[in-house]
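A, B, C and D label the chains in the order they appear, each numbered from 1.
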Amino acid sequence: MPRTPKPVIRSDIAFSTPDRISVRGRDLPNEVLGHMNLGDFAYLQLTGREASAQQSAMFNAILITLVEHGMTPSAIAARMTYAGAPESLQAAVAAGLCGLGSVFVGSMEGACRMLSEALPAGTKSDDLEQLARDTVASYKARDVSIPGLGHPLHKPVDPRTPRLFQLAADNGMSGDYVKLMQLIGAQAERQSGKSLPINATGAIGAICCEFGFPWRIVRGFGVMARAIGLVGHIMEEAERPMAVEIWQRVEDEASAHLREAP
Amino acid sequence: MPRTPKPVIRSDIAFSTPDRISVRGRDLPNEVLGHMNLGDFAYLQLTGREASAQQSAMFNAILITLVEHGMTPSAIAARMTYAGAPESLQAAVAAGLCGLGSVFVGSMEGACRMLSEALPAGTKSDDLEQLARDTVASYKARDVSIPGLGHPLHKPVDPRTPRLFQLAADNGMSGDYVKLMQLIGAQAERQSGKSLPINATGAIGAICCEFGFPWRIVRGFGVMARAIGLVGHIMEEAERPMAVEIWQRVEDEASAHLREAP
Amino acid sequence: MPRTPKPVIRSDIAFSTPDRISVRGRDLPNEVLGHMNLGDFAYLQLTGREASAQQSAMFNAILITLVEHGMTPSAIAARMTYAGAPESLQAAVAAGLCGLGSVFVGSMEGACRMLSEALPAGTKSDDLEQLARDTVASYKARDVSIPGLGHPLHKPVDPRTPRLFQLAADNGMSGDYVKLMQLIGAQAERQSGKSLPINATGAIGAICCEFGFPWRIVRGFGVMARAIGLVGHIMEEAERPMAVEIWQRVEDEASAHLREAP
Amino acid sequence: MPRTPKPVIRSDIAFSTPDRISVRGRDLPNEVLGHMNLGDFAYLQLTGREASAQQSAMFNAILITLVEHGMTPSAIAARMTYAGAPESLQAAVAAGLCGLGSVFVGSMEGACRMLSEALPAGTKSDDLEQLARDTVASYKARDVSIPGLGHPLHKPVDPRTPRLFQLAADNGMSGDYVKLMQLIGAQAERQSGKSLPINATGAIGAICCEFGFPWRIVRGFGVMARAIGLVGHIMEEAERPMAVEIWQRVEDEASAHLREAP
């Protein structure tokens, strides 16, 4: 099948020559190494721009929030995988990341999407209150729960949320999206009669809108941060393993009724 | 099968209560967010200790070196995966990470292992020259190439290496392991008659020994850094895709001889 | 947090004792090995029932259809991964599988879901024609393309479809779901004025409904079949590699504009 | 960098034209579907040859042996992943496969490698007894345990082994490799004074040598078989989940000492 014209394969991220390595237009060895921290370099890698001091503070805080949250399903999956393939540490991290989907990290993406669809980039709203009411009503009409609200453990307040919002305010990044998220939370509580605190993923989703990030990439912040957390879990698993014990307990209990059948 | 005593499942990394989230003994919202950058938090997550200013500079530089290196096999695998499952960004990153094994990141691990086995932590050598000769000889005897030396593109010098070694010196982390790596490189060049510059993974392997990291975890630094790089590639792929074009070119060329057979 | 009553962890799939291994109530060594083929055992593993001769013929055909389709993005991702981590063959297969999502395998799931929602299991329709018209109209109203119709290469007929439908008829599995899929295809062609042949995933989706499989698991058939195909690609890659050549071509072309910039 | 001559990208597995799909030289719809079972098609995909009746019986039995073995670490990892990303079933299977490495499936590869290095394809030994003694001695000298021997649960006999060896004998595939494996097992028991029954992976490793498979691909049989098993686990997890309960128990126990600290 002739295909004309042949599309060009092109990337603007990086290039190498024998004596140079350039990422986003910066000479990596000389202009980046020793001059930037990892969070700022992540910002450069993703956006092609250098973070301002305010953006740096905020973006590092967002990523750090997402690194570690205890013995999550993703940490357990990584440890289980490492127990079977300790020579493939990278595959253990990959296995742990595979579960960062709609249930455990998706609400961050969902909150960012909800807010950016309610208030498209570059537009203004005269009446955020009304926008919040409309948004809550539309989720209710579709019988879908509002992303970024409520938490099974962190009640009545998710302790990360006020801190993230304070950092947003301190760094000049608390605009209409943060306000809209808060109004949506208040409105949802009023309509449901339940306590529905904005959780960390709701706060992060709103702040990602302030940054102007497209919602499709927001899950990626959770993925890259959690990769760090999972390496920590694997390092601990290598020293004091728990995977085999979990396996044996689960196996014993799960099949007891079969083994004991007459 | 009764197993007594039942081993305890225990992790020292993190815990949560309704109003607290603690990682490595720090209150995450109040003691970490806004007070640390991502590289420093990674150091805390992995070691349980806060990085000194020197460790922070060095560790951030190591991780940044590993984030991005162009359209690598791992970036291509991530983009291919994203083309088939754009709703599962996490799986695209995972697919890209799966290939960070013995060929492309392993030499970092290998260099760290070689050096820490030659000079076990806590020991001293009177004669690093002799140690370098013995190490090169033992690799030669086993007909195995020495990890961390040579690069297919970056010749005669890998531009990351002198910069990383300079940062190590600037931050008081240029000790016997860095020296031993340099002596091994010089010795290998002498014996082989070929140019064998220390590449970035050799430099990083040596500096990881200076940090005291166990060699088994060193590959993890590449994995967590590259997760950031891969999110950048996926973000670009979402905006200006190349995966389908690569696919069609490869498919067309690979099966041409079969399609055209009589 | 006390949680009462503590849910039970229970699986009905398999158990082992020192001298027995039982899967789905069969003694694996003595009742299964040598008495079953892999497709039939897959059916037993998934459903807990032995396949009849007709089900065996049909289920094996469905799975075989999904094993291999050339140098797909998933095959390329697996080969790229193997090039970096040849010691982790399992991770290369895993990387290839990660991309079997909404774009390349999802239409199978989508067709099965569409049909089973139009005609829920255990119900009957007096007027399949009308059901087809309603279904096509509802997709049109939502501006969503109908799953299982059309193919970029296989025109005007996907050669797998008539064969799969013939096997369904031969094996007594061509009922209302197959008819409904055909009516939907005809209706969609009439309304759009375009040629929209039922593709292999549309045919498989319909036959999966005849089997009574829940739509959520149908993607799994593609995943397990493709795992076989990917091992074949990796075996070929080990003998005659193409990954490094693809990488170098992509890298060269993608960054040419950056390398050549003044 | 000009590279000349440019290597050709070529695959001999499959091709498609608008009206044809060909795999390993067979017309997929007409010569394969309805004429082959999945195990036989896997054999064709991997080798390019059709299995004889004997090869079919043996290869299907090998693959079936590897599909399912209860609530293994790999099944737990897949279920954990599915709990977080139920929309990405393929990623849950991928996560489960990532752990099929040196610890849990590698002994199959190891046994095949040991035997094919002791008795390279196409060679003959006058004295298999001596070869067994030498092989055991060389593992002992390197202080490495012999792959394919011993099992933590299946004692004093792995019930799969005699059945697999019987099938090998029934199908004319019990030659020098099976004999050598048995002699190695007997020799290892004599030297160690311990019961070291040949386990399923030892039996499969030996039979794979009889087939003439290269040892590097043998792990792939476990990977593709287990993909089927994992889809079964995910199907059960969707209906009666256990992942969240496992998570909560592990989290509660693992961090109890931290939560309760003063």
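Just so we're on the same page, a residue touches a chain if its C-beta (ideal position, glycine included) is under 8 Å from a C-beta of that chain, and two chains touch if they have at least 3 such contacts.
Computed from a predicted model, the values in this text were never measured in an experiment.
*Asks:* With chain centres set to the mean of the C-alpha atoms, which chain is at the far end from chain A?
*Replies:* That would be chain D.
*Asks:* Given that chain B and chain C are copies of one sequence and touch, is their interface built from the same residue numbers on both sides (over half shared) or different ones?
*Replies:* Same; most numbers are used by both chain B and chain C.
*Asks:* Does A-B or B-D have more contacting C-beta pairs?
*Replies:* A-B
*Asks:* Where the CA atoms of chain B average out and where those of chain D average out, how many Å apart are those spots?
*Replies:* 29
*Asks:* Averaged over CA atoms, how far is the centre of chain B from the centre of chain C? Could you give it in whole Å?
*Replies:* For chain B versus chain C, the centre distance works out to 36 Å.
*Asks:* Using mean CA coordinates as chain centres, what's the gap between chain A and chain B in Å?
*Replies:* Chain centroid spacing, chain A to chain B, equals 23 Å.
*Asks:* Going by the contact rule already set, what residues in chain B reach two or more other chains?
*Replies:* 1, 9-12, 14-17, 70-71, 85-88, 90-91, 94-95, 98-101, 105, 153, 242, 246, 250, 254-255
*Asks:* Which residues of chain B touch chain D in the complex?
*Replies:* Its residues touching chain D are 1, 8-12, 14-17, 22, 85, 87-88, 90-91, 94-95, 98, 153, 250, 253-255, 257-259.
*Asks:* Considering only the defined contacts, which chain B positions touch chain A in the complex?
*Replies:* Touching chain A: residues 1, 3, 6-7, 9-21, 23, 28-30, 32-34, 36-42, 45-46, 56-57, 60-61, 63-65, 67-71, 86, 88-91, 93-95, 97-101, 105, 153-155, 157, 159-160, 162-164, 167, 170, 214, 216-217, 219-225, 227-236, 238, 240, 242, 245-246, 248, 252 of chain B.
*Asks:* How about chain C: which of its residues touch chain B in the complex?
*Replies:* My answer: residues 70-74, 76-77, 80-88, 91-92, 94-96, 98-105, 242-244, 246-247, 250-251, 254-255.
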